[in-house]
Amino acid sequence: MSLVVDNAESGYDRAPILSGVSLRVEPGELVAVVGSNGAGKTTLVKTIVGQLALRAGDLADDDGSFAKLSSHRRAKRGVVMVPEGRKLFPRLTVGENIALGRRAAGKRAGGEDPVDALLDAFPIVRERWGQQANLLSGGEQQMVALTRAVAARPRYLLLDEPSLGLSPLKTLDVFRLIELIRERTGAGILLVEQMADQALAAADRAYVLEHGRIVMEGDAAKLRSSDEVRRAYLGVS
Amino acid sequence: MSTVEKDPTRAGRRRAGPGAADRGTHVRSALRRDVLFAVAALAIAIIVILPGRNGEGTSISTMQLVASMAAMTVAAVGLNLLVGYTKLVSLGQGGFYAIGAYGSAYLALDKGWHPVLAILGALALCGIVGAVTAMASMRLRGPQFSVITLVMAVLVERILNEGNAFGRLAGYPNFAQHGTTVTEPITFLGTTFTPPMIAGEVATVMVPIVVITALVVILSRNIARSPWGASLSAIGESEMLASHLGVHVFRRKVAVFVLASVLGGLGGVMATQAFSHLQPETFDIFLTITIVLAVVFGGSGTVLGPVVGAVAIVWLEQSDILVEASQWQQDTISESWFLSTSGLVGVLFLLTLFLMPRGIVGTAGAVVAARLHRRDAAEADGAGGLDETSEELVEDLTHVVHEKPAPGSLLTLTDMGKRFGGLQAVAGLDLSVDRGQIHAVIGPNGAGKSTLANLVTGVYKPSSGQVTFAGNDLTGQAPHSVSRAGIARTFQTPQLFHDATVRDNVLAGFADTGRTPLWAAALKPPSRYRRDAEMRVESDRLLALVGLEDVPDVRASELPYGKQRALEIARALAGGPELIVLDEPAAGLLATETSGLGDLLMSLRDQGYALVVVEHHMDLVSRIADQVTCMDQGRLLARGTPQEVLSDERVIAAYLGKPLDEHGHAVETDDGTTTTPAGPGSTSPSPSLSNGGDPS
Amino acid sequence: MKIWSSPSRSAIKLAALATTASLVLAACGGGSDDEASGKADADGIITVKLGVVGPKTGPASLYYEYMAQDFEAFSDDFEEQYGVKFDVVSEDDQASPEETARAVSKLINEEGVHAILGPPLSGNALQVADTVQRSGVPWLLAGPNADEIINYETQPNWAFQTNFTNQQIMSILGERLWADDAKVGIVFSGDGFGQSNLDQLKLWAEANGHELTVEETIQPGAADANAIVKRLEDAGVESVFMGITQGADTATVTRSMEQAGYAPATVMTTGTILTNYKDVAEPSQWENIQIVDPRNFLEGGDKWVLDQVQEATGDAPAIPTNNISTYAMLDIYAQAVKEVGDASDKEAVRQAIEDIKTVHIGPDLTIESPFSADDHKLYTDDPATWFTYGFDEDFNLVNLGTAAECLESGC
Amino acid sequence: MEAVVIGLVLGGLYALLAQSFVLTFITTRTLNFAVGEFVALGAFAAIAVSSWSWLPTPGKVAVGFLAAAVVGALVYRFLVLPFTTQGEHDVRWLLSTVAVSFVMLNLITNVEGPSPQRSDTARISGTVDILGAGVGKQQLVLAGLAVVISLLLIVVTQRTSVGLMMRAVSQDPDTASLMGVSPRAVGAASYFVAMGLAGLAGVLYAATVGASPVMGETLLVASIAVAIVGGLGSLWGPLLGGALYGVLSQVASYQWGAIWGETAGLLLVIVVLVAKPEGLLGRRMEVKL
């Protein structure tokens, strides 16, 4: 019962970016992936959701391997990504964006709707319900993007650089929202962040990616305090 | 004349030194390649018409074929400038071909012009129609552009079909109007240029046809590989980017369209000279499509692509191979389900798209390039880039003569305002930046920071206020004027030429891209060779400056993100700016890279550059900025040194959420706990996350 | 029952025809050059290397079909009758003028053909008119109707035309159209044939003191002709001539006439209506249409030719008028070659054509001495030798009398 | 007035084909330049089954629709989709659809012969009088169909979840696939419907002008023009564009002669594009830095 990446290899064009990457995310767990730019973090999540082809290795969730499925089928299985830069549908309303998320939920829908909890916690999304998504500020868009992903009832949620381009204040909000999502959905969350410090602070476990390989893994708090990590990825000497 | 040259002190000094020897080598090798190409092109041109030198009847259809190929080649070379480089898929080239063909015949026969003048007149007409079409379609891209050019071609065809002056479907010339159905061969300088028509007559017109074709290929190669050509690729990539590189996009687009139109017309002129009679049926919609096919089939965006494509298509359409293939299908597959010539051309074309997506020449070239650069690509994934430049950079800069910043403010914004519909994005903002100063602009999302950057660089025209730069009023100037005045910029997401090499990206940054005149690009005078070599040496220096010296031949898209940022800064420097506007340069960078970026920016400041940095990374801001402006809702919220601004209560309330220390680190969280402070002088990503239960 | 006037709807049949025709051509063509020496062999058979140019492929391929049909149907006849065998070297002009130019120079200069048949489309013929007439190769024009193709200023002239020309048809039709000083309008197709029709009609009108009230173009494949018909009607046109290449486009015009309830007293067109019109039109739309043609489609040699084509190929004549004129052309050329005895003596053959005494169309139709030095057209413009036809319910031709009779008493 | 009525009716035919351009453009950012051949394909498919007496007319019309629709979906999957992978500057699809047009036109011509063939499927003879203008019933049906189908498409996209998927794919196919929507399936479906519409138009149009391989080719430029005038991004566009183009070209034909009809239509395209590059109802695409 977990999201498993086993010995994955993938990349763009000719050059492989990921090689032999293995990791796991348990339900209800927040796992961070940190690493320098170009280390392959975004490549990793794009490979998991099928936006990049897996060249070797395997991907599996609770129902077994999904490595051969196309991107939209993975979403329907509950492997849901919030892409870098939010990627809301700019000319759909906030409500329609979230409705699209609900569509992907399919059979997993039912029971208590975690979306309601998010909307209660961040009423701004509800206030903007009928507005076109491109009229929202960056922070609001990220809220909607996260809500939309939650509406899809993810079993595993992949977040690609959720703080990118946000002001410090909004970044705090986003991390609060992520915490809330973890509480309410029980989904396993894989968080890819350039802000390694925050990511490690929020996560249970973490992996460190370097040149497309996992070079360290373990308890997030321990990694955060490890000198090696601090020096290499937190810019602390 | 480039900005670099306009400012001899700085530019001249920078270029002095170790580059001189390299320059000589570059000039010599470039000259050797160009001469070889020209000789080869002319030789091939002459060889193909040798069979017709005695005027043997058996060579006539061959000469006609060669003439068709030449005409198609010239038209395709012209179209390639649009389709291949500027990325404008014009379906109107057939229309210009027709104007050239009919225009030259009409001016000579009906208007009595000297045939040579008539040809020039027809080409001028093509240019004028091209300019008008270009101006009309200036805002169009994609299918809309294709359709408007197609409409133009259809209208031309319609005029030829219906215009009495052109003989309509009786052809031109015709008995009723001219008493003959053939145009007179041109006699010029005592030579008569006979078309390939009658056995026994030497088809002398073939000589100018193939020689001119060869010249067109040679000149178009020069153009494609010049800064002028680079500006076309820049427009193809993004018109906004091109204008930031100092390219007057409007003029350049009109110019390239005119050039393409004239070449299309020249193709038509050749057809007239070779076939001596014009029928409007020749100039139907299939002609225009065939020219496009020729470009893509051969390889759009390559020098030889349109040549190979044109020759191949003309040859295929008349060769027996397709007829035999069609017969074979009928014999072996089905007597009714078979394809004949046009269908087979379609199939061939689809196969090309599948198997050789860049056309014959492009795909062959890519295979060769892949072999050559495999090593480099591997290196691109390795170390290097911003995070490792800091040390070298300082060394590198020590031998750059530091210039005393001239006193006074370089950039001054007065009462800047910008309104979008009902939204006041920027209001009443003043800002001034001195030489040798870094001015950071911070603020919440939607505060108007990017709008401000766009106002400074000319993307937006201000609704109110004034921009003064180095004593000149730049208010409302277009991006290319702003760029030429000495303001460069980088973008939130790096805007690079993804298919071009790292070096070519930097080369595009030189002011030459916007300023090289077309004639100099085409004719390549000695000064051009020298300048090319200079630019190359300078680009190598700039690449070294940002830590990309090991990967000059790697495609930009293959670079990791951080290095793309570095490359973009190198390109901005190439233009020889005095002020650089950086829009969130640290976005997406890791802490170590951000730190390297800080070093780079500070060293630029030390060289006398003024920098405006729009940024969210408070550690970076607090480390490098001399002055910080915090904006909120389009207005000035606070201004001062980093310490002053970051501790300003309004800034904290509107933006930061909590106070930061002098290094941009969170001091206190909203619930009162304190995060682990980083060591003094260190940089750590900011601000730290705080949440109530955090054990650290 | 004129079965040949209703081209078969069976696609398979047509395609089969295309194949057989090309096989026949392949069998005839591709022969060794020695065989096609142009001189009589041991059996007294003269093999003529005949260059045939036409749109073998593409939408205009009907204009190649009719030539192929005639070779299939009549090759043996000519061999039997005159001892002349056609070794056909065919080139596809793809209906493109430039391609035609290349094809023609290839045939003349590389293949060294004894004569050239085609191209059938006026525009392509005009493209090469000068080249062929200067080349000294007999040019057999059984298709194009444009008058401008033959340039009598080039003497001796090498081109011979066995279809009627547009100038001829106008001199037949002019008086009929303007009978009782009616207002006359023309609808012509936006192609070489249509424009030539317009030009000739205007020339005739000018020469005879009449005025053309309305001239309207219909683009090939146009979706409707409502505006055209409206303009005819509004101008009070009582007499309409349709000079339209495609029968289907003619149908578009008559359909719009019916829609608008516009019924001019006289509606005339040409034999082009025999191709493609019926399949698209309704009987009520062709009620009033008449055509004139120098050929008698209903009996005698002309009909025999069409019947033979139908019988031999199993399909309708592709362009009935051109099937007949091709037969006439081949008869003329074969006779001339027989007379000279050597097809490669082109000047002698040319002269023999010019001097020809009797042209045969089928077993029982002859035309006497049609040519002279400055008349290379088979048909004359004597209304007494032209026929006027109408159509019955099933689109069968009905002979309404000669053009002269109809002019006199109305038809 | 007569010109206006007939122009509106005629515009319906163009609008129907323009709708097929708009439909594929909205979801896949591609235009099928082989639409003309799908018109012919639909017409010939209906002729092929015209002798099946057990199949009622609507069934035969459906065969025309389905034949074009299925081939359309296949063409999308194998000959359009592979040529759209390089971002917005990628116009290889334009070339591949032109190639498809060459192949289909040639094949249909070889199989069916170049001559028009009579088509009696869904043939409605006769004329009705509308405001003094005689209008062919067949053309009226085509025009009515264009309106009904356009409205249907608009309702579907605005009100149903299928439409929501379509709009999502049209705005951002990659992200749509993250929401469990398959852009390929949506693309194939819209090619299915769009080419089906072309086939349907072919069946009905062939009943008046006969089925011939080139029957759609002559409609191509006009219907692209209509789609562009209305705006490629708007399903309302074809109706407005069709009406404008139809009326303008008819009025010009009435006033100055038929030759000016199409010319006026083409000039309209130029004027609209120059003034409003995105079409009358199109939405401006913004370039973000």
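Going by the order they are written in, the chains are A, B, C and D; count residues from 1 in each one.
Here is the rule we go by: a contact is a pair of C-beta atoms (placed from the backbone, for glycine too) under 8 Å apart; a residue touches a chain by one contact, two chains touch by 3 or more.
Quantities reported herein were computed from a predicted structural model and do not represent experimental measurements.
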Worksheet item: Which chain maximises the distance between its CA centroid and that of chain D?
Response: A
Discussion item. Can you compute the centre-to-centre distance for chain C and chain D, using the mean CA position of each chain? Integer Å is fine.
Written reply: 37
Response to the item:
Here the gap between chain B and chain C, centre to centre from mean Cα coordinates and rounded to Å, is 55
Worksheet item: Where does chain B touch two or more other chains at once, residue-wise?
Response: 162, 336, 340-342, 492
Discussion item. Give me the residue numbers in chain D that touch at least two other chains, ranges are fine.
Written reply: 106, 110-111, 259, 262
Discussion item. By the touch rule stated above, which residues of chain C touch at least two different other chains?
Written reply: 11, 15, 57-58, 190, 217
Practice prompt. Determine which chains touch and list them pairwise.
Written response: A-B, A-D, B-C, B-D, C-D
Discussion item. For a test of understanding, state which residues of chain C touch chain B in their complex under the given definition.
Written reply: 11-12, 15-16, 19, 22, 26, 56-58, 92, 94-99, 101-103, 105-106, 108-110, 122-124, 126-131, 134-135, 146, 148, 151, 153, 190-192, 194-196, 199, 217
Worksheet, complete the sentence: Interface with chain C, chain D side, in the complex: residues 2-3, 6, 10, 13, 106, 109-118, 125, 127, 134-136, 139, 205, 208-210, 212-215, 217-219, 250, 253-254, 257-259, 261-262
Practice prompt. Over in the complex, which chain B residues touch chain D? Could you list them?
Written response: 87, 89, 136-137, 139-140, 142-144, 146-148, 150-152, 154-155, 158, 162, 236, 238-240, 285, 289, 292-293, 296, 336-347, 349-350, 353-354, 357, 450, 454, 459, 491-492, 495, 583
Discussion item. Looking at the complex, which residues from chain D come into contact with chain B?
Written reply: 25, 31, 79, 82-83, 88-89, 91-92, 94-96, 98-103, 105-107, 110-111, 221, 224-225, 228, 232, 259, 262-263, 266-267, 269-270, 273-274, 277-279, 287, 289
Worksheet, complete the sentence: In their shared complex, chain D is touched by residues of chain C numbered 7, 9, 11, 14-15, 18, 57-62, 190, 215-228, 230-231, 247-248, 251-252, 255, 258-261, 275-276, 278-280, 282
